[in-house]
Amino acid sequence: MRVAGQATLHAPIERVWQALNDPAVLVRTIPGCQQLEATGPDAYAMTVSAGVASIKGTYAGTVQLAELQQPTSFVMRAAGAGAPGTVSADVTVRLIEQEGRTLLDYQAEAVVGGMIGGVGQRMLAGVAKKLAGEFFDGVNQVLTGVAAVAELPAAEPVPGAPQVFTAPPQPERRVAGEPVSFILGAVFGALAALAGVLVGARTARRS
Amino acid sequence: MTDELHPITLRVNGIPHQVNVPARRLLSDCLRHDLGLTGTHVGCEHGVCGACTVLVGGVPMRSCLLLAVSMDGEQLTTVEGLAAADGTLSPVQQAFAECHALQCGFCTPGFLTTITAALVEQPDPSRDQAREIVGGNLCRCTGYQNIVEAVLRAAELMKDEA
Amino acid sequence: MKPSAVSYSRPGSVDEALALLTEHGSGAKVLAGGQSLVPLLSMRLAAPERLVDINSLAELGYVRVAADGVRVGALARHAAVLADRPAAERQPLLAAALRWVAHPAIRNRGTSVGSIVHADPAAELPAVLSVLGGTVTAASTAGRRTVPALELFAGPLETTLRPDELAVEAFFPALPAQTGVAFAEVARRHGDYALCGVAALVRLDDDLRIVQARVGYLSVAGTPRVLELTGPIAGRSYDAELAEAGRLAATELDPEPDIHATAEYRRQLAQVLTARTLQSAARSAAGVAAGVPA
Amino acid sequence: MTTRLIGEPVQRVEDPRLVRGDGRYLDDLGSDAVEVAVLRSPHAHAKILDIDVTGALDVDGLLAIYTYDDLTGPLADPLPLLIPHPALTHGRTQYALARDEVNYVGEAIALVVAENRYLAEDAVERIVVSYEPLPAVVGVAAARDAANLVHDDVPGNVAANLVQQVGDAAAAIAAAPHRLSLDLSVERSASMPLEGRGVLARWDADAGRLRLWTSTQTATGVRAAVSVKLGIDIEQVEVITPDVGGGFGVKIVHPWPEEVLVPMAARALGRPVKFTEDRREHFVSAAHERGQLQHVEVGFDDDGRVLGLSFRFWHDHGAYIPYGLIVPIITSTQALGPYKIPNYRVEFDSLYTNTVIVTPYRGAGRPQGVFAMERTMDAIAAELGLDRAEVRARNFIQPAEMPYDQGLIFQDGRPLVYDSGDYPASLDKLKRLVDWDSWTSYQAAARAEGRRVGLGIACYVEGTGVGPYEGGHVRVDTTGRIEVATGLTSQGQGHQTAFAQIVADELGVPLSDITVVTGDTRRFPYAVGTFASRAAVMSGSAIALAARATKAKALRLAAEALEADPADLEIVDGMVRVAGVPGAELSLGTVAVLANPLRYAFDEASKAATQFAVGDPDAPPVAEDDEPGLEGRDYYSPARSTFASGMHAVLVETDPETAEIRILRYCVVHDCGTLINPMIVQGQVHGGVAQGVGGALYERMAYDEAGQLQNASFMDFLMPYVSEVPDSIEIDHLETPSPLNPLGIKGAGEAGVIPSAAVFASAISDAEGFSITAMPISPSELFHLRLQHVQQHHEGEPS
C-alpha cells in the first residue's frame, strides 16, 4: 500500500528536522506510543498501543532512520507485530524550506499482514492518510508552541545503558481528534485502525 | 485468562437445554458441540454465507454472529426441528428433495430455515420474491436455479396441506 | 476464528448499563445486535475486557413516530424499523436506505442505532442521519446530551462519544413540505457494502422548482459526506435534467481506492448516482406536493 | 417388468438424510476429540529465525505444541510430489511444518493441540516467531522476470518448461495470408467449497491401528500417504470419507500437512484429535487456480480457417508444486477444443510465486486454454468481418473424422484422441436456442435505444474420465438387499443415486433395495479418486461390470436350482425367473443363500443353506474355481479418456454510465454422452455455470505486491449469491455416446465452468466494441477500459 502526502509546517527547516529526529518528540507524538528505546544510532525499539474504537492492539516494533540528509530528507523503516497482524513500512520524508516555513513531503510504502492484511483492505489508505494528517496538525502545535515538549521527562541517559524514553502518563486517549501523531504513528495506528475499519467495514453495515 | 462459565437455558426445537458456556462461546458452536445438534453448519464464521442460519423466536439469524450467553431463554429452531414429529419431511424439505435443490448439502440447513420462516410471512411468493428470500445465503454447488424452484414448490405444497 | 476470553454483564436497566460503562471505561464494549462486533471478536481484531449486553433493555426497542420525525431506540432492530409503516411515511429515506442494509437475517438482529455509532463509512444509516440533519442521544451516569450527526462522526469507526456513553436513541427529522428523498447505491453483489451510495433530498417551491438539493454520501470518505448542490440546479423544474449537480459532486469528492473500485470509478458512481437520485427525489417531492403518492 | 432407470431423473437417495440435518460432515464427528489450531506465516517469504512458545505454555487446556523440530522420520521430509513428470526438473514441495523458511502467507509453522479450538487459538496467539523477511515474488510477471527467486536453487523460478507441437506452426503462420497475435491474462480464483478441509484421527493403541476421517476427494490416496509418512503398515490404516461439503478440485490434494500431523498427534497423545479448517485458513492455506499470462500467434486464410497457431503461456503454480504439471498440461492440450489446427505449437513455463499453491479447480486449466482459443476465434472473425459462429464452424472437426487424433500427449500421458462428438450439431442447437441469426438486428435496435448489449459464444472439448482405473463391488445378501461399494469419494454429485440406477438396471432390482458406499477404504481399498469428471465414467462402468458378474453368477446358481438353462432366465424386480414359466422363480436373496453353503444356522435364511438342507452330496459344496457368496467385483481401466463437449452463449447488457454488467440470458448446449440421471447432470451444469459467472465477473485472489491476500474472506472474495446468477440457465443436450465404456458415458462435472471466461469476454467485447483480453473483469475495470479506448480512439483520429 502506498500513502503519500504533503504538509506545511510552521517553522524553519532546521527546527522541523530536529523535531522529527528527536526521540523525545517521537515518543510524545506517536499515538499510543508507550515506550521508545534507543537500540543504536538512529535505531529504536518501540511499543505502541493503537487502534480505532474498540479495535485496539499493542504492537512491538522497531524503527530505523536511514539515509539522513540533514536537513532535507531521511528514510524511516518501521516494522511491528501484534495480535491483529504485522506491519512494515518504508517512509521517505523530504523537507523544503519556504520563507521560514517548511514544506514536508512523505511517501510511505506499507505492508500489512496477518488477519488484518486478509480482511482489512478497504480503508487502509484512508486511515493512514488521516492519521498522518493529524500528525501534521500536532507537529505544528509542537513547533508553534501550542503543545510544549520541553517539560517532557526523558529518562536521564545512563552511560552504557540504552536510552529509554517513556511517554508521560496521559488521560484516556480518544482516537478521534488525537492531538499529534507521526507517519510512524500513522503506520502503527493504521494497522490497528485497519483491523476495525476494515473488518468493521463489512460488519458496521449490519450492527 | 480462565473462562468464567455462565449458566443459560435454550429451548431448541421445543426441548429445553441447560448448559454452562463461556461468554465467548458462539451460538453455532454451542448448538453443534454442546448440544450435539450438528445439522447447523458453519461456512464462514463472519456472517456472510448463511449456512449457520437458525430461527430465533421464529426469525432467521446467523448463529455464528450470536453469542450463546446472549441467547439465554430464547426459543430456537434448527434444521433438526423442521420435520414433523413422526419424521415426515416439512414442505420445504420435501421441495428441496423433489427439485434437486441440494448437492453437497452443506449450505442446505441455512436455506431450509431461512425459507421456512419466509414462507410464513409470504405464503405465495412470486419468482422474484423467491429469489429475494434466498438472497442472503451462499451455495457453491447448485447455481441456485433449483433452490428458487424449491421455494415455489414448497409454497405449493403448503397450499395443498392447508 | 474464535473470540478471545471476555467478561460479560447483562444489565437489567439503562442505569445499570451506564454504571457498568462508567466502571469499565474503554475496556467495555456494548453488545446490541452484535452483527458488527461478533465477527470482530471471532477474528480477534477486537478483544474488549468486558461485554455489556443491552439486549435485556426492552425499553430501548422502540420506534416512535411524531410530527417532527422518527425516534429509534438503541435496541430497535433494522427489520423492525424497516417494517414500521408510520415511520416510513414520516421519513421515507429511512426505509429506502434500510432495504440496502446487508441481508434480512442480519437486519433481524442488527440495530439501527448500533450501526450509526459503529460509524462505518460504508454504512447507509450514518449518511441518512447526516443528510437529514438528525441527532443521536448519548446517555451516561453524568446525564444525557444530544449530538448532531455532523458532530458525531469523527473518522472510520470513530465517533465523538465517550467510552462511558451509551447511544440510547437516534432521531430522524421529518421532511419539510414539498420535499422528496431518494436513495441509491452500487455494490459489487446485492447486500455488499456499497462502492458508492447516495441519499438525496430535494425541496421544491410552489411552482415545483428546486429550491434546495442536498446529498449525503457513503463509501467516498472516512465519514459520511453531505454536499449542498442547490447552486447549479436552483430554479430547475422538478422533472429537469440534473447532470450539473452530479458533475459538481464529482469535483467536491475525493474518494479512496480499494480492491473493488478505483477512486476515479467511485467518483464516476457518485456523479451518476447524484444526478439519478436528485431526479427521483425531485419527482417524489412533486408527487408529494401534488398529493400523489411518491 | 422393471422400468429402465438409466436416463431417468430419479430423486436422490442422499437427500432425505441431508435435508433433515442428519448429514455427517467432518466437524460433525468426534465430539470427544481434542482440537488443533495452526500457527501460519504472516509473511509471503521469510526466513524463520526463532520460534518462542514459552508464552503459550500456561494456556488452559493446552495439550501439545509441535514445530518442525518435533517431526521425525519420513514426516521430517518434504511432502510428496504427487505427479512427477520428466519436464518437471525443479519440483519443490513444502514440509508439513515449515523448517527454516516460509514461502507463502498461510504456510503452516506450528501445530497446537488443546481441549478445544478456542483454547488452541489462545495458545497460537501467544507463540512468538521472529522472521527475516525476504523479497516476495507475486504474480506471473514478477515470477517470469525473476528479479527475485522463490527458491534459491530454482533459477528463473521455472519448475518446468514443456513444448508440444504438431506440424510446423511457425512456418504455417509465416506463410498465412492473415496473421494476428494476442496477449491475454487470467487471474487466480479458487474452488471455495462451503465446507473447508478437515481431518479426525483415532489411534487404537491396543490394535496399533489408525482410523482417519478426512474431507477428501481421495480416501485411498490419503491412506497410502499417511501409511508412508507415519510408518504404519497400510493394512493398519483405515480412511473414511464422511459427507463432504463440496470439493471442486481442492480436496484432491493430499496429504495436506494436517492430514499427517493430526494422526501424528493422535498417536502421540492417545486422544482423538480433530482439525477443522476455518474460512480464513481456507483462503491462505488450501489451494487456488487459474492464474496465467498467455501469448497467441495465429495464421489463417481468407475464410478464417486456422493454418497455424502458436500458444505460449506462463503458469503460476504458487510456492510449491505438489500436483505436478496437470493444470498447465490440460491448458496446453485442451486449448485445441473442437478445432482442427493443422500446425500447432504450445510451450509453457510453470513458475514459482510466493503465494498459495495452485492445484486443479473445476475445469482444471481448461478455462484458460478455452479463453486463449476462443478469444482467437473472435479476433479472426473481427479481422475478416465474418460471423463469429461461422468462423468456428469452418474450423470444426467433423463427426466423420472421429476418432480424431490431435497428435499431442494428454494429462494422463496418453495420446490426445477424441473418441466421439458432433460439434456442428451442437452449434446448430446453440444457434437455435439463443436465436443467433436475429442477433444483429436485436443489437441494432437496442443500440438505437442507447442500450449496450452483447452476445458471446464459446466452445470447448473436455477430456473426462481419465484413468488409471476404478473398481466396483456388488454383493447380494440373503435378504435380497444389494450392497454396492466403490473406492472413489463423493462431494455432492449424487453418486449413491446414479450408481444405484446403474445397478438396478444391470441386475434387475428395485432402486430401494440398493445401498451404495463410496470413499471408505474398509469397503473398497483399490481406487484413485474423484476428479477430472471421472466418477460416472470410471466407477459407473466398473460398477456396471461388477453387477454383470453378479448377475451371471445369480443366473448360474438359479439355473441349477430351477433345473433350467441360464439363457432362459431373467431377473425382474429382484426375482430370478424362467422366462414364460409362471412360478418357476427364486428371489435373489434365496440365490444368495444357495451361494454360501453353511454348517451353522442362525436364522431362517441360513437354515435353508445348511449341509443337510441343500447340495449334491457327491459334489463339493463350493465348486472348483467358484467362490462362496453372491457377489461380483470388477474394474474399469480405459486405454484413454473420453471427450465430452459443449458450447455456451451469453447475452449481457452493460450500463453506459456505471459499467455494471447484467446477464440477460445464458444458454448451454452440452454433450456428455449417455445421461444416467438428467436431473443430476443439469444440476452439475447449473453449478458450473454459476461458478463460471463468479470466475468471470466477481471472484479473484487480490494479492498485493508483498504477497498478502487482501480479500481472504467472503466479505471481499465475491462468490455469487442468487442475485448474481442468471434467472434461468437454458440448457439443451446432445447425447453422443462414448464408444470407450459399457454405458457410453462421458463426464459432466466440470463442463459448466469451462467456457465462462471466454464467453463473457466475447459478450462484453461485443457490447463495448473493443476486445476484452483479461479476465475476470469488474465494473471498475470496464470503466477504465472504456476511458482507455476513447483515448486511443481520439489519438487514432487524424487531426
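Just so it is clear, A, B, C and D label the chains in written order, and each chain counts residues from 1 on its own.
The rule we apply is simple: contacts are C-beta pairs under 8 Å (C-beta built on N, C-alpha and C of every residue); 3 or more make two chains touch, one makes a residue touch a chain.
Not measured: the values here are computed from a predicted model.
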Chain at the geometric heart of the assembly (C-alpha centres): D
Contact-richer chain pair (by C-beta pairs counted) among A-C and C-D: A-C
Chain centre separation in whole Å, for subunit C relative to subunit A (CA means): 32
Distance from the mean Cα position of subunit B to that of subunit A, given in whole angstrom: 47
Between subunit C and subunit D, centroid-to-centroid distance (C-alpha), Å: 45
Computed distance of Cα centres, subunit C from subunit B, in Å: 29
Residues of subunit C engaged with two or more neighbouring chains: 1-5, 34-35, 39, 43-44, 102, 106, 190-192, 259
Contacts with two or more other chains, residues of subunit D listed in rising order: 118, 125, 278-280, 702, 710-711, 713, 715-716, 721, 723
For subunit B, residues that touch 2 or more chains besides their own: 2-3, 22, 24, 45-48, 135-136
Subunit C-touching residues of subunit A, taken from the complex the two chains share: 52-55, 57, 83-84, 115-116, 119, 121-123, 125-127, 129-130, 172, 174-177, 193, 195-197, 199-207
Touching residues on subunit D, where the partner in the complex is subunit B: 11-12, 14-16, 18-25, 27-28, 31, 60, 116, 118, 192-195, 243-246, 248, 278-279, 491-494, 679-680, 682-683, 686-691, 713-715, 719, 721-723, 725, 727-729, 752
Contact footprint of subunit D on subunit C as seen in their complex: 1-5, 43-44, 186, 188-192, 195, 259-262, 264-265, 268-269, 272
Complex contacts: residues of subunit A adjacent to subunit D: 1, 81, 83, 85-86, 88, 111-115, 117-119, 121-122, 199, 201-202
Complex interface listing, subunit B residues touching subunit C: 1-4, 6, 22-24, 26, 29, 45-47, 50, 53, 56, 59-62, 64-67, 69-70, 72, 114, 118, 135-136
